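Next up, some structures in structure tokens.
Consider the two complexes below, in which chain A is the common component and chain B and chain C are the respective partners.
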Partner chain A sequence: MDFISGLLPHILNGLALGLLFALIALGFTLIVSVMEVINLAHGSLFALGAYVALLVISPDLSALGPLGEAYAALPLGARYAIALVIAPLAVAVVGFGLEVCLRRTYGKKKEYGLLLTFGAALVIEEAIRLTWGPAEQVLPTPEAVTGAFLAGDMIYSKYRVFAAVFGLCAIGLVWLFLDKTPYGAIIKAGAHDSEMVRALGINLSRLQLLVFGFGAALAGIAGIILAPIWGLRPHVGVDAVIPAFLIIVLGGIGSFWGAVAGGLLVGLAVGITGAYATDWSILSMYLLLILVLSVRARGLFGKKTVLET
Partner chain B sequence: MKQRLTRLLLAAAPLALAAGLAAEAFAENKPLVIGLTSDASGQYANSGASDRRGMLMAIEEFNAKGGVLGRRIETVHIDTETTPATGSRVAERMISQHKVGFLIGAVSSGVANAISQVAQKHGVIYLNTNSSSPTESGKNCHRVKFVWDGNGTNFAQSAVKSAIGTYGKDWLLLTNDYVWGHNTSATTRKLAEANGATIVEEILVPQGTRDFSSILLKTQQIGPKVIAAAVGGDDQKAMRTQVADLGMGAKYAWINNQQDWPDVYGLPKENLFGVFGTTWYYKLDLPGVDDFVKRYQALYPDTKMRVPGNVFFNGYWATRSLLEAVEKAGTTNNHAVIKRLEQLRIPAEVRLQHDDAYMNPKTHQMQQTVYLATANLESDDPDHLFKIVSRSAPDTIADRAAEETCKLESFEDTPVYQP
Partner chain C sequence: MLTARGKVPLVTRQMLVFFALLFSYPLWASAVGLYDYIGVEIAIWIIYALGYNLLLGYTGLPSFGHGAFLGIGAYAYGLSQLDLSGGVWIGLLLAVCAATAAAGLVACFLSHRRGIYFALMTIAFGQIFWFVAIKWHGVTGGEDGLLNVLRPELGLGVASISLKSNTTLYYFAAALLAVIVVILWRVLHSPFGAAIQAIRMNETRARFLGYRVWLIKWSVFTLSGAFAGLAGGLFCLTQESAYPDVMSLHASGFVVMMTLIGGGFVSFWGPVVGVIVFFLARDLLGSVTEAWLLWYGLLFMAVMLFEPEGVAGAWGRIAARLGSQKVAAPAAGKEAST
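Right, the complex of A and B next:
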């Protein structure tokens, strides 16, 4: 096997991984850009999404009698699809609650928001531990995307392809929403100049509530998609929040495409070093960050942000 | 004047004697505080909880019969976070502020090593319950430290030789990039090469790895016959899930040095590919095992882990053996208790294993039966995960190299400590 044909699977794998990283960072970047808050509870919301999905996919509905049995008899694919809708909504509701708590910190030092979301992360993680227990859980996936297929002479995971395609679609849909709908225009305007948005008569509090909920829902979706790969345990969110933070700094705080590009670059870095210098694979994302910030202090697509004021 | 002073002294003497006796009685009856140094966060959070439950059950049993030497046993737990630096800090704090009598607990060898250095400095007996790097009873051994788990060498010896004959000679090592992973893989390499195998590659897996796709792609490109994995904790859980998803569990012969029960409990049996070592299983067909399981279930009725595993077992036995040693020594003096522990021998029927277990006085590592297991796909019982395929008596898998590398401090160099 020559070097190029040996490298190609790792590049493709890195891109797939990058899409998943971008998916993790999407909700994070949305909240930072509009709310001016670094949401350290992002990882816990990520975990919560996966756990709620577990509840929706494999519920104990024996108390509901025939209705419960009928639901349990639904194909796994159907329950998975339902989970992909219900779990993010549930996480969005938690996000709404968190945003209401955050309101007292608006206009004050950024550290207050940071501390509050950090506290919320611990509370959510502990609530998960109390509800579902500390042990490892498995989020079932539909049979159609379970198992492996042969790509040339390599075995590759069907679920990973599904997850990457899902990530791509989610990125596309969020972009369409932000770029092509009036609601998206308001959100972007809010990120750019919140005072002007308020002056135009738009209810900024409601906008912030909705954006935080939307960002939380995106974290929940990422959790559902990543859980079958990373596994599911109460502290799985810690594994998500660090790369999410790194990616938005790398891509430029508040930049949608920055988050996508940052995710892809991190995926490529981790994927390729994972093949040729595995012990450097986690470190590679930090080295990449140092490299980019040395050249562009605001990240790849970053502009002067609210966090700098 | 002289007479008055004499009378005063005579009157004061009984009072002083009474006060002295009262003080001694108070000291004897004051609670004995044990510091639990188990992880509650990080890679071994789940195992740390299981370890702690084992220690607490032993303490509960002693307190139910009046404590030890008439003293009630109390505990203090501080999270060691699966981080060596935190382990050092926690040990210092427990000794200097909480005045603990003993320190118990570890899953990570890095953390165990850090704690034991602090413990040796103060002369506090420390029980490394569940970390299994060969260095823990080798070059990092200490007079105050006792290691209760089987180590990488024990497990490798029970698996390597037969695997070469059965599966082939091209071996790939997957090594968690920290002390336990490195030492375990080094032992596996040595044993495999000594028995005619070739190590075609060693892949280092950084701690905290959640995505194994590039590693598994590379493994396919290399195409070994046998994969010997020394990957633990959450890293191992993620690896098992991804290997099972790719169907690679059946494509290669996997040897997982040791399989801690909390790392696999709740996972589908398909994820339990390959063979792996363990020191205990709740379905061992031995008298007393069922009763042990029932005691666990009675004490922890709400835990999601319905049956105890090897980590719990080690936590329990370490603590119980320490308290029995204190009782036999009749004192909490560290030198006396250490001498008792160095002579420890537990009959198989008491220990709930197939062979008598004993403490190696040269290395302070518990010598015990090691079982080789695989997934139990025949049972529908979700708790009945393992099928024991063979077992090795302690002397057949002993870590002889550790006896050469371990240099225990002398008693003269170990500070006296009497909590």
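Right, the complex of A and C next:
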């Protein structure tokens, strides 16, 4: 019993982390399946989301006079909620810009698109460093989700529960969107056979633009939620993009449930090994990946795709 | 980049021009505002990038974790100096062996993969090595790395030379680079070189033709790891230290950028140009602004958007245009640049 109760917080931490990983990976897998591009800038977009949220939550509005003061007087919770809307939108706009650039590489070597996003990752990261400085910053969180609470004889951080619930809701909404709306059907059709979608008279360019923006926004949201747990550094994106890669490969490229299952597995692996060897916990996800891929070459839910040619 | 059939000279005219520039560099470097140390860096990274282009440009396999092998080479060299004090040659040999072994192991997991799966797996493996380098304090010295790896005397059989001065070190690195260039040129014009290009063109067709694609991909990955290891050993010799930074995803991405900016897909010399552009950009932009990477990243994006075949691709097009004006000019375009 001691063993279980000792491990339980780590499992819960792992689940919370896993849900957010899954959210990052979902945006990533959407972009991969519709555009056939590995978005190496995904981590930078993640970081950008968190930094824009920081800007929205605690802006320097003294220039705006009374209006700025009124905004600053808003409760933290309200400003946080505003940030949760504005920051992903801002990230989506950056995503739009990136997609417009990417367009030139469609139909050429796959590496060109990949490398373009690598360049974009560098540019965004350096821009963040220039704008907000290289030092670590703290993203304030509302009173309601700060601190700890007791569940039975276990102390648990409120914020992690909030993060887990938020991640779960966001994944649920994405699923509803993809599975129950006509837009979702178009996106899935676009991932399956983009030529056919175009032949049916759907504006493929606009679809690609919106999907890229949507994927970027998901990364931005995950960035806001994870920032208080991980801290906010300009290069925090690498910590997010690497698990996202692993999850996609683990779960199978282009698979929704693969991304969710992969995210949870990676989160749990990191969480549980964190209980025994904190320093080495990140290594567990790589080992998990190699283990799974040795058995199933295309990941848990993967099918053979055009991406392998 | 398709190599011509028939006999290929061991040393070409372009190589002679390159060697002339390479070995005369210390004589004119200061006149154009450069210095020996950056020459050493460039020579080392050219070895690295040329070896890497075997994989990216010639076989069409994008590895995003190649920094790992540079790092392993650097650590192997550093450890050999600190624990064995075996001299430069033994250290470099160990660096090559260690990186080759690691690359060979990784290649076992990678060689049946293609495209995006290949790229993602190389990222994963690169990160594993980087992570271990940071965490395994006892051997690698953690984030600080191995420090105070002093430059030993270079034994040359009859005499030994001190590598303390950057100029001597430059000639040593340049000599190694020259040898590597000849070796790589030879490899690329061997049947093996033709086979890897066949794999880039169409892997399935290469398999149908009877090539053992798995083995060839394994060999080319391992071979390019060996070159990275040599570069890593030289890197540690030059920097007098080895640290995990060179193994990070960013550093691994840099070699891809260098290879492509120069035009590794279309020319043997692409990586050479790319490395020079990178280091000159670092020095020139770095002297103007702290955020030189921002500008370099933008430059790179622009290259990918407007001239994805890099400097060599642009040069090839210009040469082709000039060639079509002067009918007499025999070889033009891509053939001329290989």
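Observations on the structure shown:
We take it that the second predicted complex is superposed on the first by the 300 of 309 C-alpha atoms of A that agree within 3 Å, B and C clash if a C-alpha of one lies under 4 Å from a C-alpha of the other, contacts with A are read in each partner's own complex, and residues count from 1 in each chain.
The criterion applied here is as follows: a residue touches a chain if its C-beta (ideal position, glycine included) is under 8 Å from a C-beta of that chain, and two chains touch if they have at least 3 such contacts.
Predicted model, so just to flag it, every value in this text is computed and none were measured.
On the superposed chain A, the two partners chain B and chain C do not both fit; they clash.
Contacts of A:Pro9 after superposition on the shared chain: chain B is touched, whereas chain C is not. Of the two partner chains, both chain B and chain C are touched by A:Ile282.
Of the two partner chains, chain C is the only one that A:Leu130 touches; chain B does not reach it.
In the superposition on chain A, no contact is made by A:Arg206 with either chain B or chain C.
Of the two partner chains, chain B is the only one that A:Ser157 touches; chain C does not reach it. Of the two partner chains, chain C is the only one touched by A:Phe245; chain B is not. Once the two complexes are laid over each other on the shared chain, residue contacts for A:Gly231 go to chain B alone; chain C is not touched. Legend: residue contacts after superposition of the two complexes on their common chain; A:Leu116 is shown touching chain C, with no touch to chain B.
The superposed model built on chain A shows that, among 91-99, 253-261 or 289-297, the segment of chain B colliding with chain C is 91-99. Shared contact residues on chain A (touching chain B in one structure, chain C in the other): 279-280, 282-283. Note for the complex: chain C touches chain A at residues 56, 62, 109, 112-117, 119-121, 123-125, 127-128, 131-132, 135, 248-250, 253, 256-257, 260, 265, 290-291, 293-294, 296-298, 300-301, 304-306, 308.
On the side of chain A, the complex with chain C involves touching residues 32, 38, 40, 101, 104-105, 108-112, 114-116, 118-123, 126-127, 129-130, 238, 242, 245-246, 248-249, 253, 279-280, 282-283, 286, 289-290, 293-294, 297-298, 307-309. Of all residues in chain A, those touching chain B in their complex are 1, 6, 9-10, 13-14, 16-17, 133-138, 146-148, 153-157, 159-160, 228-231, 233, 235, 239, 270-275, 278-283. Residues of chain B touching chain A in their complex: 41, 45-46, 49, 177, 203-206, 208-211, 213-215, 217-218, 220-221, 234, 237-238, 241-242, 245-248, 251, 262-268, 303-305.
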